[in-house]
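Chains here go by letter, A, B, C and D, matching the order in which they are written, and residues are numbered from 1 within each.
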Amino acid sequence: MARVVVDVMLKPEILDPQGQAVQRALPRLGFTGIADVRQGKRFELELEGPVDDAALARIREAAETFLANTVIEDFTVRVEDGQ
Amino acid sequence: MTTRVGVVTFPGSLDDRDAQRAVRLAGAEPVALWHRDKDLHQVDAVVLPGGFSYGDYLRAGAISRFSPVMATIIEQARLGMPVLGICNGFQVLTESHLLPGAMLRNNHLHFICRDQKLRVENATTAWTSDYQVGQEISVPLKNMDGRYTADPRTIEELEAEGRVVFRYVDVNPNGSINDIAGITNAAGNVVGLMPHPEHAVEPLVGTGRTDGLPFFTSVLKQLVSS
Amino acid sequence: MSLDTVKNAEQTPDAGQPWAELGLKADEYARIREILGRRPTGAELAMYSVMWSEHCSYKSSKVHLKQFGEKAPQSDAMLVGIGENAGVVDVGQGYAVTFKVESHNHPSYIEPYQGAATGIGGIVRDILAMGARPVAVMDPLRFGAADHPDTRRVLPGIVAGIGGYGNCLGLPNIGGEVVFDSCYQGNPLVNALCVGVMKHEDIHLAQASGAGNKVILYGARTGGDGIGGVSVLASETFDATGPAKRPAVQVGDPFQEKLLIECTLEVFREKLVLGIQDLGGAGLSCATSELASAGSGGMRIDLDLVPLRDATLSPEEILMSESQERMCAIVEPGKVERFLEICEKWDVIATVIGEVTEGERLEIFWHGEQVVDVPPRTVAHDGPVYQRPYARPSWQDALQADAPTAERLARPGTGEELKQTLLKVAGSPNQASKAWITDQYDRFVIGNTVLATPEDSGMVRIDEETNLGVSVATDGNGRYAKLDPYAGAQLALAEAYRNVAASGAKPLAVSDCLNFGSPEDPDVMWQFAEATRGLADACLVLGTPVTGGNVSLYNQTGEVAIHPTPVVAVLGVIDDVTRRTPIGFADEGHHLYLLGDTADELGGSAWSQVVHDHLGGLPPKVDLERERLLAEILIAASRDGMIDAAHDLSDGGLAQALVESCLRGGLGARVIVPAELDPFVFLFSESAGRAVVAVPRSEELRFTDMCGARGLPATRIGVVDGDALEVQGQFTVSLAELTEAHTGVIEALLG
Amino acid sequence: MARVVVDVMLKPEILDPQGQAVQRALPRLGFTGIADVRQGKRFELELEGPVDDAALARIREAAETFLANTVIEDFTVRVEDGQ
């Protein structure tokens, strides 16, 4: 089976309190040198059939209409290699 | 003829019975609508209640937005039927683009349950005509993803057209832009807000206030007079 | 590995088995062989080991818990007593209420969010299994020191888990406790309570009868969650150093549980269910053996039919899996179709996995081969019973002798010192406002919440027409119990009882969660024996039977046990919730009365902890007849409209009660120290059997007459007034200063 | 500035209610052929300094102790290329 990954991140101009909370905590835990943190979602989709262009187009549509809310989020779709 | 107000139950809706009670206390007949049923059973208006439909998994309101009943509601809302989205219902309304913008996680990242003061900014919508502009009311607020956001153009438009219906007063509980607690569409028939007016309809329970009742009497009047 | 069938077990009697690894003792393993007349199969061994674990069999506690039945007070209200998933109490008007408190301590330390979340999920299914609609939850919690770094990890996770699960289910959280004490450092206590309501005729029991009736498993798919969790987690001291035995964590799916609730209530409504059991600890092993054991016949299960999340699970693992959000129902064949239809309506997976049989055996099959053939009772009910040795600890006398007398611990002398002490106590983590925590819980959902945090009890309306309601409070003071476990358990009961009565409800019944250290330590076992004896004796006097509860042992790190912590929940009924009494002082001019007697009792007190970090002496004296009289007065005064506010006195004494009532109502008070009392004792003693009430002037005569006639001391101590708390001749502190001290404390530590 | 991505996914044996909810919704929306969905988190960390071995080791430690809850989650750390 083939795996497609959809990454969904808040648009850069949208405040990301989860990422900020992580960023604020890191130095307290002794991890310095990290200028910015953004937190998003990662979806791993296992396809039944082959990952051809048609399949990818459908997944892109699912991401556009469903997995991401494009009012606030951007997404990328990619085939996971080496799995 | 009594006015029929539908209250949708999605899987995971929680405040549906509360919304029905509020409708009843306002003098209308509550009608339970089921998410899988496209038919609205001749209701005159619809409430999308609070809760965690589909567990708020993926995003609040994202999955319920695609239910069969929503297809009909979206259609009817465009034709002018009054629709009120409370909390999760508001999230469903933004996800289905009946209202602009989107809801993000509260800026403090916690669920928050509190008695929240609001200012009424628009008393001309189907759901707010029994209020006065500038009136301050207190109703319970309880949510995890209540931070309203939209792009600057949309915000400008909402503000310019007076479509911000409620604003948080004293405390902004979640980081919403411009303290926005609730908005309406251009026609004024669709209203969404994060706080829960249906939990402020009896002096005995909740916060012991009835500040939320005018929502339900407003729509009743509008429907009777139209 | 080849399948270990019954046939195989008969043919290979000497095959080695991992009974010790599964937590069984040699004699227990021998007993299983004796019961079966052969060695158990792997699947049978799994079932016995998990069902005979401390957690499921109560083997160390059973002999003591018996007292709750033996000494049970006569009560007409009890509809279902100890032994079922939860007890059921008659509250009138045809309604029955079921409630129970349970622990999820160890899982919550390993994975705070999921551990606490599944704790809520589990107790809610218990209540549901009785036939009731769950209507509210509560969460008595104990953490290590508030400023300890690990508390920062554990507390936010636990609170988020309880909120995340309960909020998503739509159950209002109407109360609980938050206690910090370094004794809970490696052993936080997460107790969870649920209340459910039904009509008398809706009561359901966990029993399978009628040969040919179907066994339906419904809810979530079965995965590898918490396999061995019950036996490993609950039976052995958690070893903080090594994750060697760390089992798969159970992850909760509150959305699935919400569907399970609605779906189950609908099958109840259509009367499709003969017997029902939730799947909790020990999963299918527990559900099948308990259902079969309580029924009339046997049961045959085909494990291949169980819907799996992980296709590689072995039959042993399927039997032991603790996957959440599952239930098991017994349904007549003619009703199966409708049952499955309703499940489909709610998107709940439901599968017939077996049936009730004529025989007396629980038989389980896998790939057509028999892997289990046991008498179900031997699994579910005939577990080992231990008479663990116990003895009064050698240190107990010295601890009790170390009383916080004025000579030993410096007391505030001046007005200014008293004021500083009051602010310090009110602002200490245990006494400070818990709003940062409780605001993460939905207390409004369902629209029937009459009282919730920070009131004395949580109260919900159960009938909108008649305004019938119930009220629940939970309490437990580990410091008192450490000083004297017998009295400590009674004080926990007395406080919860008093809290229910203070809100205007009549206490009816008790549920308890007994959190203790290792039963293998005679000191701990003595604490346990004393606490159960104390609780049973006190329930008899107060007329409130124990309807059910839970025992959590092995709460210790190395040799060091937690304070003995009996948490007691009291349920009360109120005919008309509009008559409830809140704690807030909300009307100027009302007179304040202190009910009860105040003595110099500061052993185990909040003051001794906050100011001197001291624990010694004796806890406050228990006077149950006085508690009963006080409750009667509080209930009568509420019913007849004689008081407008009432707050029981407990940790922090009168000082703390005044602070809370003033802040809640938004008004101050002027208070006079009675001539016969030392101001410090007046303000900070924790004598039991007391409450402060606000009486409208028009009712004053009637109220004092009633107290006088019944022999309850009622001392007028002041008046509700202004925006400061003034103790005349001593100090004045503004509400603003009180707010400053009392709020924001928890978030400053953890936020 | 360099970007490091930490992907955090629930361990395979752990129940993933969110992923399941998405998977069950997809066919209803007309997206078929997807056998399994898992939902996890994606953290994008912008480093102040260079992404050398030392930096990666530190991030791996942060992931291990903080970004992931290794009781129930697995994580991977990788340098985002082409950004």
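What we mean here is this: contacts are C-beta pairs under 8 Å (C-beta built on N, C-alpha and C of every residue); 3 or more make two chains touch, one makes a residue touch a chain.
This one's a predicted model, so the numbers in the text were calculated from it and none came from an experiment.
Interface comparison, C-D versus B-C: the pair with the greater number of contacting C-beta pairs is B-C. If each chain is reduced to the centroid of its CA atoms, chain A and chain C end up 41 Å from each other. With centres set at the average Cα position, the gap from chain A to chain D is 8 Å. In terms of their C-alpha centroids, the spacing between chain B and chain C amounts to 36 Å. Shared interface positions of chain B, i.e. residues touching 2 or more other chains, are given as 54-55, 57-58, 66.
Shared contact sites, meaning residues of chain C that touch two or more other chains, fall at 253, 255-256, 347.
The multi-chain contact residues of chain D, meaning those touching 2 or more other chains, are 17, 21-22, 25, 29, 39.
In terms of which chains touch, the assembly is arranged in some other way, matching none of the line, ring, star or all-to-all patterns.
Against chain B, the residues of chain A that register as touching in their complex are 10, 14-15, 17-18, 21, 66-67, 69, 71-72. The touching residues of chain C, when paired with chain B in their complex, are 160, 163-164, 167-170, 253-256, 258-259, 346-347, 438-450, 461, 464, 467, 577-578.
In the complex of the two chains, the chain C residues touching chain D come out as 110-111, 114, 220, 223-225, 246, 248-249, 251-253, 255-256, 309-310, 323-324, 347. On chain B, the positions that touch chain A within their shared complex are 58-59, 62, 66, 94-95, 100-102, 104-109, 149-151, 175.
The residues of chain B lying in touch with chain D in their complex are 54-55, 57-58, 63, 66.
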